[in-house]
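Chain nomenclature is as follows: A, B and C, assigned in order of appearance, with residue numbering initiated at 1 for each chain independently.
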Amino acid sequence: MMKKTKLLAVLLMLCLMTGLGAQGQVDSGVQKEVELRWASIWVGNDSKAPAVEALVNEYNAKNAGKIKVVIEPQPDYNAYEQKVRTSLAAGQAPADIFTIKFNPTTATFYQSNLLMDFSKVMSNSWKQTFDAGSLEQSTVDGMLKSLPMETAILPIWYNMDAFAQAGVKALPTTMNEMWAAFDKLKAAGITPASQMTGDTNAWTSMIWFSHFAVSLGGTNVWDKPFTDPAFVEAAKLTKRMITEYSTSDAVGLGAGGSGGHFLAGRTAVFSNGPWYAGRADLAATPFFNSIKIAGLPAAGSTKDFMISRLQANICAASTKDKAKEAAILDFMQYLTSPASIARIAETSGAMFAIKTDYRPVKALQKQFYDVASAAKTTAFDLEAALGAEVTLEFAQQLGALALGRISAEEFCALVDRKIER
Amino acid sequence: MQAVGTHRSRIWGARALFLSPVLLLFFFFFLYPFVFTIATSFTSWRGIGLMKFNGVANYQKLLGDPTFRKALGNNVIWALSQGFIQVPLACLVAMILVRKPKGWRMLRTVYYLPNVISTVALAMVWVAIYNVEGPLNAILSSLFGMEKRNWLGNPDTALFAVIFQTVIYIGYFMIILLASAMNIPRSLYEAAQIDGASTFQQERHITLPMLRGSLITTMTLAMAYGMRHFESTFLMTGGGPAYATTTMGIDLYLRMDALRYSEASTAGVFLIVMGTLVITLLRKIFGSSDPMSEMAQ
Amino acid sequence: MKQRITGVGLVFNSVKWLLLLSLLAVALLPLFWLLVSSLRTNLELQTNPFGWPEKLQWENYAKALSMASLPRLLLNSVVVASCAVILNSAVTAMGAFILARERFKGRDVLYTLLTAGVLVPVISFMVPYFSFITKTGLYNTLFALILVYTAVNIPVSTFLVTAFMKSIPRELEEASVIDGCGFLKRFTVIILPLSRSGLVTAATFCFIYSWNEFLMAMLLTSSIESRTIQLGIKFFSSQFITDYSSMYAAVIITIIPSIIAYIFLHDKIIGGLTAGGVKG
């Protein structure tokens, strides 16, 4: 017993010491190697992980002795966001390189001196590889403290097998056709649409609402007060969708449940971004090859647009060390080069704000690229346009709206109060 | 060190030595952060840049915010339900187990198990159980012909539903009560048996009074946990629908999420102050948790 | 204590067993569900949470076991949790001894202050914790986690252990003083052994907390050398997609050590101890 305890104690001490020493072994050798720490979310199960890791390894091999990029893996996105804001609030950059989801809430980070302002250091030729619109969206008061990298469109997904079962052959092109198709689906015993008011953003329904609102109020609808008739009408349409054409558990349902209904074939219409197309369990469904990606029929006068967002913008820590700054810029330029991006896109099917010639071969992912390039204009979704607080209020009150506890006008007034002007 | 005698300064030296580690840790991990929290609650700070003093504006904003007031009310319900339903139930189980019925060791271990399982997995189970097409509705409708309900999606039942699921955690409080019930001298029961007291009388006149101190301890803990409750509700409902299940912990988290750090600090101060009030009130009603008076008999 | 069966006793007995068994079911079913779910596919799990696996998916366990650096993460968790438990127990036993058994001015204020810590939502202290840990150069070390877990558990432990120590009859201690026991001896010979079940209960809570904690581990570490198993589990959850069935397999694998630790701490230490109870 005694011996075992001693052995255990020695083991613990050893482990502790290597753990304690983890920090110390940074720089050695005569020529000083610049080490860049990248707090990366593209690790583990993420579909971008293998390509990103390969790119970093190649970069390190090429720059051996000069620059070394170390990936600090960040699992669990919510906890990662928490780490980024805690670290910035404590007056430190979370790493030399890290990513944020750009929206009005995270735009607050631009007030921090801890972030590098790329607008001053970016060459024109580098700038031109980016989608100009995304670059402009990422600019606040002339500052460009994050570079747009991953983007996404948020289209509507149609299970054409279910539509065929209900006797509907083509996608509805007008709202009236859509209601008629949905009624036929109901008559055939299929719930038309996945909707949800749960989580903190009512994800699926938030996307539908965004489609309605932009069509009714134009691509600049998010600049208007939320009491605008476009929003009231969009709220009425969303309510109708939840109460008449969705599952009985839609109020309070989370994104997992909403997706589950679609995967199980219980609902025929769904909405989500391109990442969902790469899911192994989606590929295992019998209707996988009959999924059509498109917009919603125009509820208003704006047509042929697509809802999109900046999914991941990449940031760097500002530094007075010129060598380090040069190293960061060199790596960022390498990472955002069309060649690198094409490789990440190839293995993940994700979409990017950097222009490449890459087009997916897989059918569903190809549809995303086709829909994105067919759209005449794009507009943000509600969360990307108005930030976390407004979206939270939207999600919470959407439940009350669907249950008939408040009117669409009251709903819009409540959400409007959370918008900062 | 060996001969710590009655010499006053030596006693004080020993006391200080014994207390200093705990006080030092407490200072750095509770007192200092709490002072920081209070300080930031009087500023308008969004986590970036300098803090600007803005008086009691955050306090006014929170008190005027219907969401926060809802969270305050829900917190009181949480604290009361944990203290007055969870703990008595745990006490009952502890009183049964202390008499060592068949398999009591196994039961003691198993009752504690849910405390070990990840909250994420448990939240997923409960969401599925409460679903309109879930097993709870299936049982209720087949047995009692009850109408199928969306338990978590209805603001009238959601709070009840998220509170009810905490019943699986009673093992936590049961462990504390059982540990102290086992410390009750057996001679007391033996004497009572000789006097012809029934099991019920023994529980009423020996176990319960002897457990009083631990009961107050567990009640205080249960209410404190009820006050700062956050994770499982957040995973199950996100505080909704229409803020029906929001708590001060969720409110605080979401304010941090929106980079409203000073408001989150204000919510934190409210939470701690309110919790202290509730617990002080508990002590006023049930006496101090110092059980020495009973033990002295 | 022997059960005496009478007429009324029979009714009580059945009610008692009904309660015990339904609580048993409530406690075991989630674990059982977790086990079943860890052998299903994600599609099965998401479309019907309560079904049986069509085919047992052992590869979920293969995936969980092939988690990068699993042994290292497990070892780190063991180190962090054990050190936190030892440190926390030592520190609180000493502190609680003074708070429970010594009479001095300001004792109650100190006690109230320390135990008010149980009310603190630690999440609101993340910024000061992060500052403290980075300023002391402890960022990305196991010691940072040990320190934080020890400290975070101080209010609960102090609260529990002090209450236990207070319940020890004063006569026992007085007798020892007459026997010539000094300050240190009173602590080690009388109080410490008698409050062992309280200490073990507090230690159990500290262990389970340290074993399951995730947010602080994420905040205060950045490399494999100083990360714990909970971070490993979370690698099944990326920004958009969570591989729940593999994650649950990993959860099953990682709760086994905590159950063993719990049984060891509780059944062996307390079980052996309470056989006799305190002599009255």
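Rule of thumb we're sticking to: contacts are C-beta pairs under 8 Å (C-beta built on N, C-alpha and C of every residue); 3 or more make two chains touch, one makes a residue touch a chain.
Note that the structure is predicted; figures quoted are calculated from it, not measured.
Chain pair with the most C-beta contact pairs: B-C. Among the other chains, the CA centroid farthest from that of chain B is the one of A. Between chain B and chain C the centroid-to-centroid distance comes to 15 Å (mean Cα coordinates, whole Å).
Between the Cα centres of chain A and chain B there is a gap of 36 Å. The set of chain C residues touching two or more other chains comprises 127-128. Residue numbers of chain A whose C-beta contacts span two or more other chains: 82, 89, 256. Along chain B, residues 47, 124, 256, 261 each make contact with two or more other chains. Residues of chain A touching chain B in their complex: 81-82, 85, 88-89, 105-106, 108-109, 111-112, 197-200, 247-254, 256-257, 387-389, 392, 395-397, 399-400, 403, 405. Taken together, the chain A residues at the contact with chain C in this complex read 12, 15-16, 18-23, 37, 39, 41, 43-47, 49, 72-77, 79-80, 82-83, 86-87, 89-92, 95, 256, 259-260, 263-264, 266, 273, 275-276, 278-281, 284-285, 312. Chain contact summary for the complex, chain B toward chain A: residues 46-49, 67, 124, 127, 131-133, 148, 150, 152-155, 158, 237-243, 254, 256-261.
Only residues 1, 3-4, 9, 12, 16, 19-20, 23-24, 26-28, 30-31, 33-34, 37, 49-50, 90-92, 94-95, 97-99, 102, 104, 110, 113-121, 123-125, 127-129, 132, 147-148, 150-152, 154-156, 158-160, 163-164, 166-170, 182-184, 187, 197-198, 200-201, 204-205, 208, 211-212, 233, 244, 247-248, 251, 255, 258-259, 262-263, 266-267, 270-271, 274, 277-280 of chain C touch chain B when the two sit together in their complex.
Interface residues of chain C, counted against chain A in their complex, comprise 41-43, 46-48, 68, 75-76, 78-79, 82-83, 126-128, 130-131, 134, 137, 139-143, 214-215, 218-219, 222-223, 225-226, 231, 234-243.
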